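Shared between the two complexes below is chain A, which has chain B as its partner in the first and chain C in the second.
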Partner chain A sequence: MDREKARRRVGHESIETRHLRERGELFQALKSLDRRSFMKVSAAAFGAAAAQGLLPPHSFQPVSVAHAASPTGTPDTPKFTFAYISDSHLYDRNLNDRFVNQLMRAVDDINAMDPQPDFVLYGGDLAQLGKPVELELGAQILKNIKAPRRMMVGEHDWYFDMGEKWRELFGEPRYSFDHKGVHFVVLNSVIEKDFWTERKMTALERMMTVAGLDNGIQSRFTVGDEQREWLKKDLEKVGKDVPLIVFSHSPLYKLYKAWNFWTDDAEQVQAILGKYKDVTVIHGHTHQLLTNRIGNISFHGMLSTAWPWPYAPEGMPKLTIQMGRPDPFNPHDGIGDGSVQVHADGLVDKIYNLWNRNPVTVTRQYLASNGAKDKPAAPLLASY
Partner chain B sequence: MFASKASLTSLLLLALGTAALANCGGGAGGKSAEAPSATTGTAAESAPGAGMEVLLCDGQTKTVVPPGTSGTAIAGDLMTQWLRKNPNSSWEAEERERHTLEPSADNDELVGRVNGQTYGSISHQDVALWKTETERVALAGSSVFHDAGALGSTDGVSCDMCHPHAANTHPETYPKFQPQLGRVALLRDMINWCIEHPVRGKAFDADDPKLRALEAYILAQRKGKTLNYGKH
Partner chain C sequence: MPFQQQESQLTPWLASAATVTVPQGVSPAYWGIVVPEGNPGNGAQVALGRKLYFEPRLSKDHSVACATCHDVSRGFNDHRGRAEGVGDQIGHRNAPTTLNAAFYSTQFWDGRAPTLEDQAKLPITNPIEMGMPNGDAAVAAIADDPEYKKGFQDAYGRAPNFDDLGRAIASFERTLIFLSSPFDRFAQGDANAISADARAGWALFNGRARCGGCHQMSSSNPIGTDNRFHNIGVSARHQDFEQLANKGLQALAQGKSRESIDRLAIETDLSELGRFVVTEDRADIGAFKTSQVRNVGVTAPYMHDGSLPTLWDVIDHYNKGGEANPYLDGGIEPLNLTEAEVDQLVAFLFSLTDDRLAAQNEGEKARQGALAKTQRPFRDTALASRKVFPFEARLQGGK
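Up next is the complex of A and B:
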């Protein structure tokens, strides 16, 4: 008996076991409640979340409750919301079912949003090796999204057939549209200078080279002369005080060259965008919480549904509050999807819906005050 | 005629023999054979008749050349053939270019010093050898690290997909208590955990050359970090 006690004392309960136990207990407790008490419990839970400055994830929210209890104490209803899914890196489903399931989970998340987002942006890198079977699989899964869908291209979608299949499925990779007073631009920011012809690479070798984040043979990402000219033309018809939201796969600034967390002609693109009053750039590729502000341009990263990247060893933007260190033992940690709340003034709140963590909101006040106000909670464990 | 040709071949082999064999013998044991240095002979000068057969020091690659062919041309031809048969011969340089490698420690200050029988008098050649051999193991690790096939992955996942340049591997923190495993883990335990789970392969034996190489690469890439075992 004593031995049993001793074993229990030293017996370790892993964080996953503890999480599952606590979760089980919560659901057990909820089951035994009637509706009235349930509302009480749930309101208390949301109150606690709001007190920590967290907006609840859209998968189980009464939005009005959260907003009534928002940190500023005033109702803060956005003009409209759009959602995002990004960086799913699909292989053929027979090779890797995990990435497929994770993309399907994101689609379920977005479909469960109430109210529904005005549209869903797919942030690029739908495929891992740009193969037709991967892109077709992705297209098939994304068809299940109920809200209208907008597509962006990533390097993993492109360098097997130089975008042929992607364009066949989704159309041109760069375009613009207007929505409720905001001008949206979608760019192909993953254009690389030819490194493959001289090396006599096959299409797959070229793709494998680009697919390696730390592969130094490839070139750096650019938007390119031709597309920058297009951007200038496209913006000519847009008033300088119209809010701009730009989607690019790579961050439109220079963070860390060795991993292409980088756009080589970023300054030139920024110069074009800098003439506008409110500009927000939403990018994929980095698979992490990433916040930056250069001049009047705000930059937000998107989460991946496949895996989180480590933070760059140098060059981190001052405004970035890192996400908690992902637990490798939980394949759903450090990843997820999210949404963007666009307010009447054209500024945005960016919501990172981390699947295994509290959601993180990077507010427009945080960026506008250059980090002085509304700072997101720092992670318990920072990255190494 | 036949007899004279045969004897000429063996003569040429003899002439090339010493230097070439030394080159072929050294540096085996890596991922692929070392490139033999191209060998040039003088025996091509006065060969009678139609052709002369020249054999490379690997004992397999051969070429037939007309009399009067220069040694450089013979060597070039043999080298081209050899490279075709050994496409990975420059794998170290290629791996270094693709993924870079933190350099191993520089021991130049030891040159000329004597430290007993084990080392004798340390020469530039010694120091260079230590560096080449050490970095070769780390480079072999890099090539496994970045290759789902070499890792035995069944789902297309390789180490670099979560750990570019071996980032976020923090080998300096092991051994440490790994709460998710409920026990103390060494770096190699975590490598094997990753191989079994995200990579969905088969764990390597503790003395598997691939595991040793992976450890070497991960440790190389964290050069300069302070050892701090048990750190979370």
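Up next is the complex of A and C:
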């Protein structure tokens, strides 16, 4: 009704005009202050702007803002940034080219980042039904990424041929590497117990079963005994105060079993990770803004480039600011890509680059304060 | 057409519309939202607005009025690709019709003006449209004219001023409601009010051709726009959006006043960024307002840059899934319409023209039809039938 009233007031500045004017004034003011007063004055105003997601993460970031203050008022240049693309669910090009175009848009987005990210993580579910033609198409598109690329596997990539094609294209699905003082681990978290041999399923039937929701036939995702042992061993050589960033396709906690927003041996994995000082888990699979913290472990979901999932009816982590119901008439709403800014202390700011909305940043201060500080702005409309 | 002739053509059409009143077939509640509280549009206000609409003294060299580009005899636009202002300068945007413009939630192709009142003033001060240095200069050009002195006094009880000038023009435009077409009689139950082809076109419009996704037609949305902004790829034919967007942001960093955004939109290549120049949101790169479909038969050429000469070209453009670009709206996809179906859609679109413009409509139908027989530059059946995918050419880089 307020909009209506605004429309009725002739010559009245529109909400949008006012918003742009205020933002312009803020940035103008920030520019003209000397450094000391800048720190003092900008903290509050800047925090408000950041909380509204008004600081775009990509090349369009105004130069005067790029090295500005964080909400806590300290200089806040990340040590490094990496980007992500996830959950593209490609079909054969003859069946669906919308998802193809959306993945290509994400690649364009990441290639437009200035400065370029140190690397790009692909978060899994490149294919819809794990078929060679789908994975090959995806591999071809991902070759257009300018920055170095890291791959993670999802269940949609795996259960047609049990990862044969994926490994041929991208190598082993679990590995670790060190980058600028951070230890990174990439897991295959979508290992299921054999439910198919006994039922005499074909490869496609097996794949379709795993791809389904709300079915009791498939088992739950796990990291598995063997991989947990590997993880323990991998981490033995890593100092306890070295920041850890773990990539898993499924969230490494238990959110909603019926949709497999779930990792069955999550507690055991958390126990291994819990010994380290700063741990961040970045996961795909859930296609939505999702934030959680368990002990010292922060969890962030990734956006899909294909479609947004609704939120689970139960088990939602309390730190999650839900992204609000995507517009059913806009196929680009609720999807996108994003980036992660890794800071000197090893903690991260997670940026959701929603294509149809302002970007949302979930800061390390928000997680460290258990939601007390620096809360991301909630969308105007509720989730359901 | 000379302004005097335009006025005499207009007179019989608006005989009963001397004040802003609820148009026939429009719900009074909805109309209440359309008309702002502070500007009801009484007889004196509409009369003043009408006089101003045809007033060339509002331009720098007294050569251009609203009615130059929004010509009564040309469907209230100018039948040019891009509008021409003072000193024969050509802008970057097509002049949209003023018919039914009252129903839009925002004005201009990029929605940079929230109201008609606001919109009416900007072309007057744009350097290549009417070229006045500022609003005061425009007011000064007419303020000594006794007719205007009386007109403003009668309408608003004060001396001529720029804001009232915008209000008056807006009120006049709210009498330009042209919603009485063969299609409306069809919608009211007269099945034979439109041809069989047009009826088939209406079914396609709401169905397989996917038009209704953005051009919804209903009693609370009589002109067929969702009032949103979509990238359908029109400017992707000749733009590198990424580069242009960065250029746009640099330009906006120099200033974001209404006037400076107006100039970017009309005078520079940044015009092609569309809504992005207003919101600076990447989702809006190359996105333009969903145009109304009312009277579309008499408002050629089409799109924000007037780049499509006929309605056949418009359907060809949509049939092949627009022009591929990274920001293409997610709802745009190849339609695989046959030639017969393209003709049916065009027949439907010509049935949306108000009866008062029926003669113009017939003329346009013949003219566009003849043109479409000799050239269909935007037709691409390979893309439309998904034999070729636009992304494949772009993919080569990854090979």
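The rule we apply is simple: the second predicted complex is superposed on the first by the 318 of 384 C-alpha atoms of A that agree within 3 Å, B and C clash if a C-alpha of one lies under 4 Å from a C-alpha of the other, contacts with A are read in each partner's own complex, and residues count from 1 in each chain.
Rule of thumb we're sticking to: contacts are C-beta pairs under 8 Å (C-beta built on N, C-alpha and C of every residue); 3 or more make two chains touch, one makes a residue touch a chain.
Since we're looking at a predicted model, the values are computed, not measured.
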item	value
Partner chain(s) touched by A:Met162 [first = chain B, second = chain C, both, neither]	neither
First, second, both or neither for A:Gln140, with chain B first and chain C second	second
Residue contacts on chain A - larger count, chain B or chain C	C
Which of chain B and chain C A:Pro331 touches, first, second, both or neither	both
First, second, both or neither for A:Ala377, with chain B first and chain C second	neither
Partner chain(s) touched by A:Ala344 [first = chain B, second = chain C, both, neither]	neither
Partner chain in contact with A:Arg98 - chain B first, chain C second, else both or neither	both
Partner chain in contact with A:Ala271 - chain B first, chain C second, else both or neither	neither
Chain B and chain C footprints on chain A, overlapping residues	12, 14, 16, 97-98, 329, 331
Complex contacts: residues of chain B adjacent to chain A	97-100, 146, 154-157, 160-165, 167-168, 170, 173, 179-182, 193-194, 197-198, 232
In the complex, chain C residues that touch chain A	33, 36-39, 105, 114-115, 117-118, 163, 166-167, 213, 226, 242, 245-246, 249, 253, 256, 258, 278-283, 324, 326-331, 333, 386, 389, 391-392, 394-395, 397-399
Residues of chain A that touch chain B when the two form their complex	12, 14-16, 91, 95-98, 128, 209, 212-217, 258-259, 307-310, 313, 327-329, 331, 381, 383-384
Residues of chain A touching chain C in the complex	4, 6-12, 14, 16-17, 20-21, 24, 56, 58-60, 62, 93-94, 97-98, 100-102, 104-105, 108-109, 112, 140-144, 329-332, 355-358
